[in-house]
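What follows is a single structure, written as structure tokens, with notes after it.
We just call them A, B, C and D in the order they show up, numbering each chain from 1.
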Amino acid sequence: MRLDLRDVARRIARDIPDGAYVNLGIGLPTLVADCVGADKEVVYHSENGILGMGPAPAPGEEDPELINAGKQPVTLLPGGAFFHHTDAFLMMRGGHVDLTVLGAFQVSERGDLANWATDDASHPPAVGGAMDLAVGARRVLVMTTHTTKAGEPKLVPRCTYPLTAAGVVDRVYTDLAVLDVTADGFLVREMVAGLTREDLQGATAARLSFADDVGVLGQRE
Amino acid sequence: MIDKRVASLADAVEGIEDGATVLVGGFGASGVPVELVHALLDRGTTDLTVVTNNAGSGETDVAALLRERRVRKIVCSYPRSAGSIWFEERWRAGEVELELVPQGTLSERMRAAAAGLGGFFTPTGADTRLAEGKEVRVIDGRRHVFEEPLPGDVALVKAARADRWGNLVYRTAARNFGPTMAAAAALTVVQVDEFVELGELDPETIVTPGIFVDRVVRVEAA
Amino acid sequence: MIDKRVASLADAVEGIEDGATVLVGGFGASGVPVELVHALLDRGTTDLTVVTNNAGSGETDVAALLRERRVRKIVCSYPRSAGSIWFEERWRAGEVELELVPQGTLSERMRAAAAGLGGFFTPTGADTRLAEGKEVRVIDGRRHVFEEPLPGDVALVKAARADRWGNLVYRTAARNFGPTMAAAAALTVVQVDEFVELGELDPETIVTPGIFVDRVVRVEAA
Amino acid sequence: MRLDLRDVARRIARDIPDGAYVNLGIGLPTLVADCVGADKEVVYHSENGILGMGPAPAPGEEDPELINAGKQPVTLLPGGAFFHHTDAFLMMRGGHVDLTVLGAFQVSERGDLANWATDDASHPPAVGGAMDLAVGARRVLVMTTHTTKAGEPKLVPRCTYPLTAAGVVDRVYTDLAVLDVTADGFLVREMVAGLTREDLQGATAARLSFADDVGVLGQRE
């Protein structure tokens, strides 16, 4: 019943407008780029000073200095540009990036995001550009499994993990549903087929409300 | 597909509303987007707040806006020049409000807006008349003034070349306020001498990446 | 006559004292001034505060400084990576202090130092653990955190080419923290692949003007 | 007895070190550049985004966009660079410019500088980059006549004109003397020949002290 995360990526890609400037968080969110159709021209931003990132280079063609935020080799498309770190974050913090897709440990019904620390004291903390992206991108989309591997809900009334930013998340895409963060909390827009509202609420710690026209979140669209 | 090129100066200034705050590039006569300002004049837009280093000279660009009484307020560092007759006339008559800002603070305030910052402390202007009424804080033994971000509704900028993504390069000292203003406005409109194909500008040498630019229009060099 | 070129890596790091705050460029393995950091290691300098985005990986550069116990404190945004074993070892043992700073704030704090500003308000980090103990101010309805400038005694930077005035250009994403760090330190030392004649770098495309640079040393590409 | 201002410029030029990054204020201070010997390599900075300014272009060779802070056509030397306004002022405010030479209406014995406004209400005020230069340059030199055309002293206990910046001036070069601003006020380092200490004090509103070895400020050196 749960969607494969590649299908979640495909669903997110549908919501990325033609011409958007997009920053994809490290890890899962990078799957989204592969799902954006050739009918759209999307400019990918990287915090280390790149606009217009292209796909991974062919094996053997990697440039060790031309990497993305996840430190993986990338390429540059015609029209791309290099700039320094402070300008890269000016773009992020200043609202110039139209949209970001981020992973999450927890999202609260007020749009608070926790995605950088789990309070595991055996590992040093690390934050990177997560807080800048979360406060700065015009639209913050979260891509996540609906629950943890242990079955704990990730959509919660209040985050218990350390916050990345307060009140920033616009929409959450999980393997079970698409939910908007509204003034009244999570509003379900789409659900996978075969799931009842009670099932979804059961997998969610925050109280859900449902749109009048809840759509089907499908495997293949 | 991204194509920020527009066909005419009228298209370039389309939708700019009365009452807008307009950042106008240029330093003296260098890098001034003269034709874009004239297009705004032709559009009839009025009640403007104009942010620009100087206040125009002779009968063109910002001086023409002042002459035609389109400017409610001007924010600048150096409104006085040999030919700033229209500014002086309107200022003496009390018809235009002047906010005088040290030049570095003017530029830095626009950058703060571009960068999404809430303001900054600067030593510039501390203990002077231009800091009157502003918050003062001693930092590292030195008096600093708190300055607020200065965003534009619109930026009018002149550059040398652009591609369809709106990537820009400038020419010599005409660069001046362009890159900062382009990043500090909700709508950034740029006039260039030349359009080039996507990929023709070297990614190492693009000065203003297209992310800051909304419209580019070509103006034949005079 | 201005000639910032020095003959050796040892000359490049001459005079860097124990206890210095050292800004080290690079993001992951891109743009790291590996040879300059090793020269600092060879010099024996210790008790350093190192400001850098990551905390080194494997046995080279910042990881080597950590291994050899030269680092008292590290200021960075993302100390954890697949190979950050020496940082983790020293951190777990309580032998190195960590100041964790959001990446954009890290960069902006160095820029504030470079620009002679007393600090700034940023929305980044508000309501998070990284803002604990910091001044908070609501600006335009949004909570902002006050952040202080972060200057370096020394910056170690990698660039592609330099002339004798210290003008620099970089290569692709290796530019990253270089231009900001070069401007934020009292002594800026740069390693480059290549020296070029004065005038060979296009004045339109110089990324770091020589005013920010004190010494340049050539390191043969591996 | 008073020096010609070209000789004052020549005296200032002697104090500019080889390799210095220098910003010359609009007007009188620009005379200094012509007096710096060919044995020194000095990099001139302009607030509108230039480092490495060269001399005025030959007639007919002017580029109307390549101008200095005074809006006069200039040239660029090999090694010069263009950058944007915000970076130009980062250099000024951030202490990267080694030295500036500025004109003055008044300088106080505490090093306060007044050089931007005279409170003539018939003209709109204008400040430009004067305040940024005054607070930011590592060393602030003032070039001025010792008194106004009406004979009023310009070196004063306290400025009566609006301040440009407080406590910033390091040294003043006039047509009568060279004076350092010290914790104890103005200290005369050099005086023109034939002038008594009483004469100089008489032309100065602030109290003067004199160095042990007051030198001769000469016409030709």
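Convention: a residue touches a chain if its C-beta (ideal position, glycine included) is under 8 Å from a C-beta of that chain, and two chains touch if they have at least 3 such contacts.
In this text the structure is predicted, and so the values were computed from the model without any measurement.
Undergrad: So using the touch definition from the top, which pair is joined by more C-beta contacts, A-C or C-D?
TA: It is A-C, judged by the count of C-beta pairs in contact.
Undergrad: State, to the nearest whole Å, the distance from the C-alpha centre of chain B to the C-alpha centre of chain D.
TA: Comparing mean C-alpha positions, chain D is 30 Å from chain B.
Undergrad: Could you put a whole-Å number on the gap between the CA centroids of chain A and chain B?
TA: Taking the average C-alpha coordinate of chain A and of chain B, the gap between them is 35 Å.
Undergrad: Note the residues in chain B that touch 2 or more other chains, in rising order.
TA: In chain B, residues 108, 111, 115-117, 122-123, 170-172, 203-204 touch at least two other chains, as defined above.
Undergrad: For chain D, which residues are shared contacts with two or more other chains?
TA: 76, 82-83, 89, 93, 135-136
Undergrad: Give the pairs of chains that touch; include all such pairs.
TA: After working through each pair, the chains in contact turn out to be A-B, A-C, B-C, B-D, C-D.
Undergrad: Show which residues of chain C lie in contact with chain B when the two form their complex.
TA: Spelled out, the residues of chain C in touch with chain B are 108, 112, 115-123, 137, 139-140, 142, 144, 169-172, 202-205.
Undergrad: Using the touch rule from the top, collect the residues of chain B that touch chain A in their complex.
TA: Residue positions touching the partner: 1-2, 111, 113-117, 163-165, 167, 183, 198-199, 201, 203-204, 206, 209-212.
Undergrad: Would you mind writing out the residues of chain D in touch with chain C in their complex?
TA: 18-19, 21, 41, 43, 45, 51-52, 76, 78-83, 89-91, 93-97, 135-136
Undergrad: Can you name the residues of chain D that touch chain B in the complex?
TA: For chain D paired with chain B, touching residues are 46-50, 63-67, 71, 76, 82-86, 89, 92-93, 117, 122-132, 135-136, 162-166.
Undergrad: Give the list of chain C residues in touch with chain A in this complex.
TA: Spelled out, the residues of chain C in touch with chain A are 27-31, 53, 77-81, 87-88, 91-92, 98, 100-105, 107-108, 110-111, 122-130, 143, 170-180, 207.
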